[in-house]
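A, B, C and D are the chain letters, set down in written order, and residue numbers restart from 1 in every chain.
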Amino acid sequence: MNFASDNWAGAHPAIAQRLLEVSPGFSAPYGASTLDRKIEKRFNELFEREVAVYFVSTGTAANSLALAAVNRPGGVSFCHREAHMLEDECGAPEFFTHGARLAPVDGANGKIDPHNLKAEIERFPPNFVHAGQPMAISITQATEIGTLYQSDEIAAIAKIAQTYGLPLHLDGARFANALVALALTPAEMTWKRGVDIVSFGATKNGCWCAEALIFMNPEVSKDLPFIRKRAAQLLSKSRFIAAQFDAYLHDDLWLTMARYANAMAERLQKGIVNSTQARLAWHAEANEVFIILNKTHANQLQEKGAVFYQWNPPRATPGLLSENEVLVRLVTSFATEADQVDRFLELLK
Amino acid sequence: MNFASDNWAGAHPAIAQRLLEVSPGFSAPYGASTLDRKIEKRFNELFEREVAVYFVSTGTAANSLALAAVNRPGGVSFCHREAHMLEDECGAPEFFTHGARLAPVDGANGKIDPHNLKAEIERFPPNFVHAGQPMAISITQATEIGTLYQSDEIAAIAKIAQTYGLPLHLDGARFANALVALALTPAEMTWKRGVDIVSFGATKNGCWCAEALIFMNPEVSKDLPFIRKRAAQLLSKSRFIAAQFDAYLHDDLWLTMARYANAMAERLQKGIVNSTQARLAWHAEANEVFIILNKTHANQLQEKGAVFYQWNPPRATPGLLSENEVLVRLVTSFATEADQVDRFLELLK
Amino acid sequence: MNFASDNWAGAHPAIAQRLLEVSPGFSAPYGASTLDRKIEKRFNELFEREVAVYFVSTGTAANSLALAAVNRPGGVSFCHREAHMLEDECGAPEFFTHGARLAPVDGANGKIDPHNLKAEIERFPPNFVHAGQPMAISITQATEIGTLYQSDEIAAIAKIAQTYGLPLHLDGARFANALVALALTPAEMTWKRGVDIVSFGATKNGCWCAEALIFMNPEVSKDLPFIRKRAAQLLSKSRFIAAQFDAYLHDDLWLTMARYANAMAERLQKGIVNSTQARLAWHAEANEVFIILNKTHANQLQEKGAVFYQWNPPRATPGLLSENEVLVRLVTSFATEADQVDRFLELLK
Amino acid sequence: MNFASDNWAGAHPAIAQRLLEVSPGFSAPYGASTLDRKIEKRFNELFEREVAVYFVSTGTAANSLALAAVNRPGGVSFCHREAHMLEDECGAPEFFTHGARLAPVDGANGKIDPHNLKAEIERFPPNFVHAGQPMAISITQATEIGTLYQSDEIAAIAKIAQTYGLPLHLDGARFANALVALALTPAEMTWKRGVDIVSFGATKNGCWCAEALIFMNPEVSKDLPFIRKRAAQLLSKSRFIAAQFDAYLHDDLWLTMARYANAMAERLQKGIVNSTQARLAWHAEANEVFIILNKTHANQLQEKGAVFYQWNPPRATPGLLSENEVLVRLVTSFATEADQVDRFLELLK
């Protein structure tokens, strides 16, 4: 009954098998191998345009280098107040941008409120050096709390980005889960709605270590080769990342895994709705279900073998918890077994 | 006939196999799994003391975070003028230390000359803010040009480090190759000679992506958990690095691979010595052989399928090459086949 | 009728005169002159303890180096959401700390609310690398909106700082104005209430360029000499700052100027209270008066020669302005003339 | 008998007098005042073209921000091995460029050798991410050891800069001393020879604190306003720097002071040439004279009231000193009195 996080799972056997297969032989290092090139082309197909692709070793690296690519002195990037890059990356985005700021923007359901976003950007008059200057907007899809920006919500943020001449970044640590939930193509969820840069995460969805930073306009990333190398993110045997993506993107394995994970989350969600011992904190839309439990009950579940994290309630939900209640996050993945879900729901009763 | 670099090889089958084996199941991420802990303990045995171990994804990250751990404002680290961290890491060490400097020190055979080292350190009077302040010394073992610091040479550098209160770092991208060539134990080649911090590389010696940063005195690394996370180097499925080390260190696989690579280099070296068409640039001591060829000859070899890099001659060897000659680097690894070596030597004639 | 800012004034004649007097002769540079030493001792008297004093050229430098002195990887400093260092220093504090974050804390009247402060700090569990780590708290006295932390309010923030082991910094760009308004001694407004580091500003109160960074515990600043030099803030003819402080602190000139500036603000405030054409946004406590005007009226005043800035309303005061109203900041200084105040009030009618 | 440094002198009375004159009244801060604008125009006249001018508070800031303006990830700037920015700025240039490197280039007489410069630049193949990328060349005029780049020597360096597409920076901490010694105009010593960016120092030549960063092509500095503010170098009462330049550039005061300082150096030099107790280390060309003394003799002179520094011999002059000899630097300025020079020469005998 492990619902702690999708990164508690290992790798899908097909991914590890592919690594085994490509182990022998010599290949050009530092991203120059045939396999690296093949995967780069695969991403062009996937996004239906010529994109620039950079493999890195963590999602934090992808997010940080995305901002580093569009960095400005005194730069300010706008993201949700509880975005992963703001709350869970130990200041890496600021570090890799030499101190550019992440400005928190409030919004319900883990999503940036366009009205608030505009108001915050407006606090930076052009060429007013004291305030600094806007440099990017970043959204997370699926969000940190398991919700989704709908297609038109992405477009609304993108419109603001365009108005102020700012690149729009999408943190896709759970890109696949969002994609299948919304039934969109990669192109539709990104550049067709105005997204410029994507952190394309695969680690949480069945890889060992496979993250790609994608620029819809390759020109924007012209400094990235040096930025990435200086960031210690140019892996010598880069083809081991390429090999993971090779298996990941083959025969829609990535979508299959994401659909499965989402289905397990939905199974959990349905059980919670029918439970008298727990309630949903909000509606789950991808592979994370947030529920509210009595504190004692939560502890008992953990004692009985359920693995999960208690979570800080979003600041925008002041009355969410009664005293003695806790917010609990349940995450599913390709590795979640249906009978473990059922057992958890049984225990819950 | 691939002698381009040890990172052109893939991974040893036993390494990839181990990854396959540990793929299923749930494990705590971010270095907290049982397997991570097991490997940490394994390093204690290896170094015969309690060390602090941090997995990172590249050797550049290991070197950079080693310096970041001992960083000082206006800090200056001393390394050989042609050290990898100075010539081949795109300024990563400076970036991760917010601009601390790498001061080049000259020395023959790719090794820091103790006399020069002392003279350079002496240019920094204590508390003289204008010059900045010494912060570390770094040596590479095996060196960038395939030579080795002998046991007493390490001790001589370490003595200077102690005199000036500086930590001594060892860039061990080819740690194993040096170790077996010198017939020393890890303890003997490091802390017993005065080395404080080691970049323990395994990627070049048969892993996919496995680098460990080792602190002989764990207290020195007390900020490293935050430094590493902020550097985007805390991998979520960290156990995939642990698994590689598990196979690597098992049954002396790492030493076996290094001995084999060194033996292939020696086979090359012997052939060169007997050749009339090439000569050694200097004596090879680990798994890199530098030879001098006629330019036309070098091109012909490449046309016939030999893969290698031409190399910048060290600045300290002004008369090394005649006109029309080039310096060529030949690197061997666990994947180098003896008959490929022989075929190359045959072609050379 | 210039109420734009206290930095629109030049320097008090006594300050400029002192510069003229000390112009001839040779003196040790870089802070080593007799005059530098004299002023350092003067600060010991002023603060009634042995403090460490560092001259720098801007308030932004003082604030930034204060944080740099207590920097931690992944560090987070807590300040009011509309603090100068967060809104008006172009990211300098983040830059000089290599990306450490300024976390905004809400609070009424321009002051950090202790309850909110505690809640924000609590979001950082000890040793939880993902979130980063708390590193400092910073308050501004007088605040950006002309209010004051009362003595016990400083103590309340300091108590939280102590609980979490965080240094407490005070941005004293208008230190003197606050001091005379509260009728406290420098010691009483700082370390006796738990303040550890002070940006002691004099530029806004009648100097040309005189800012001092004061550490109540000199040990905390042991790296500052290198940090300051590396920050390009060690002025060679540092005694020109010392000379300004010499005149500034002589015969209570600084307090006299601050009292005068505050009195002019009070004169303005009284006039506003009696006006039917304007109202106070909130009660002014030092040398800044914030008033609410009809937009047309504000423009007319500017056309008639009144110089002032319109200001962003604090986020915590959503209903402050009706449509067609603007928030206006009026700042007084040693150079403000009473008849200009009266003329402005006359025009206002 | 003070020959310690030109920054031991205070300010010329005309400079301090001008500060006194501009003290009263209100002016726009942050470089927006009428006086600031006047001086900016004055620099256009001086350089015979429209330049961009940025006041900063130290020469280190000017040099550092010059490089920050042309920064590149993995960037490498080439300067003389004993350049001030490399040896005496505590790593500030590296800090303000987030770790871009200063690569030392050897050359006799304190000047970059064009042949060595080219060889070092050639070590960076285009787009070879491992090495990093060239980003600027910097020369010092007058050099750290009191010599001068002749007009054609500047042009030779500039030609290399153009070949590799690199901006050429000139550290002019002693710009005036060089200018009058070479009898060139500012335009002739800079852009007419290919210099792109100038640190125009005035502090060492009779000001309190007046440094200007000059871009021959204003477009190159388009980010500088934000870079400078973030660097804590935008002074609020910026007109106090403008006032110093106003007096400095008025009626050729700056050239008069520099000529006088150089003449005093020449007086010293002549005396040394005729002395049997000391010899010139090399020919002095501006306002710094380097002499070689017996150690005991040097100490005696200091005991008798002569103030000067002993200096590290340049690395390129291995046989310069016999045992028991020391290298001594004597610096003159507008404040050096002829009878003090004579008294020193007398004592020397």
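Keep in mind that, in the parts below, a residue touches a chain if its C-beta (ideal position, glycine included) is under 8 Å from a C-beta of that chain, and two chains touch if they have at least 3 such contacts.
For clarity, every value in this text was computed on a predicted model and none was experimentally measured.
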Measuring centre to centre, with centres taken as mean CA positions, what chain is farthest from chain D? A
Looking only at C-beta pairs in contact, point me to the busier pair out of C-D and B-D. C-D
Euclidean distance of C-alpha centroids - chain C vs chain D, Å: 34
For chain A paired with chain D, centre-to-centre distance based on mean C-alpha positions, whole Å: 50
Compute the distance, rounded to whole Å, between the mean C-alpha positions of chain B and chain D. 40
Which chain A residues touch at least two other chains? 73-74, 89-91, 95-96, 98-99, 129-130, 132, 226, 229-230, 234
Spell out the residues on chain D that touch chain B in their complex, using ranges where they run on. 73-76, 87-91, 94-102, 104, 123, 129-132, 312
Residue numbers on chain B that touch chain A, as the complex places them: 2, 4-5, 7-13, 15-17, 19-20, 22-29, 56-61, 64, 89-92, 95-96, 203-204, 208-209, 226, 229-237, 239-240, 307, 335
Would you mind writing out the residues of chain A in touch with chain D in their complex? 30, 68, 72-74, 98-99, 127, 129-130, 132-133, 223, 225-230, 234
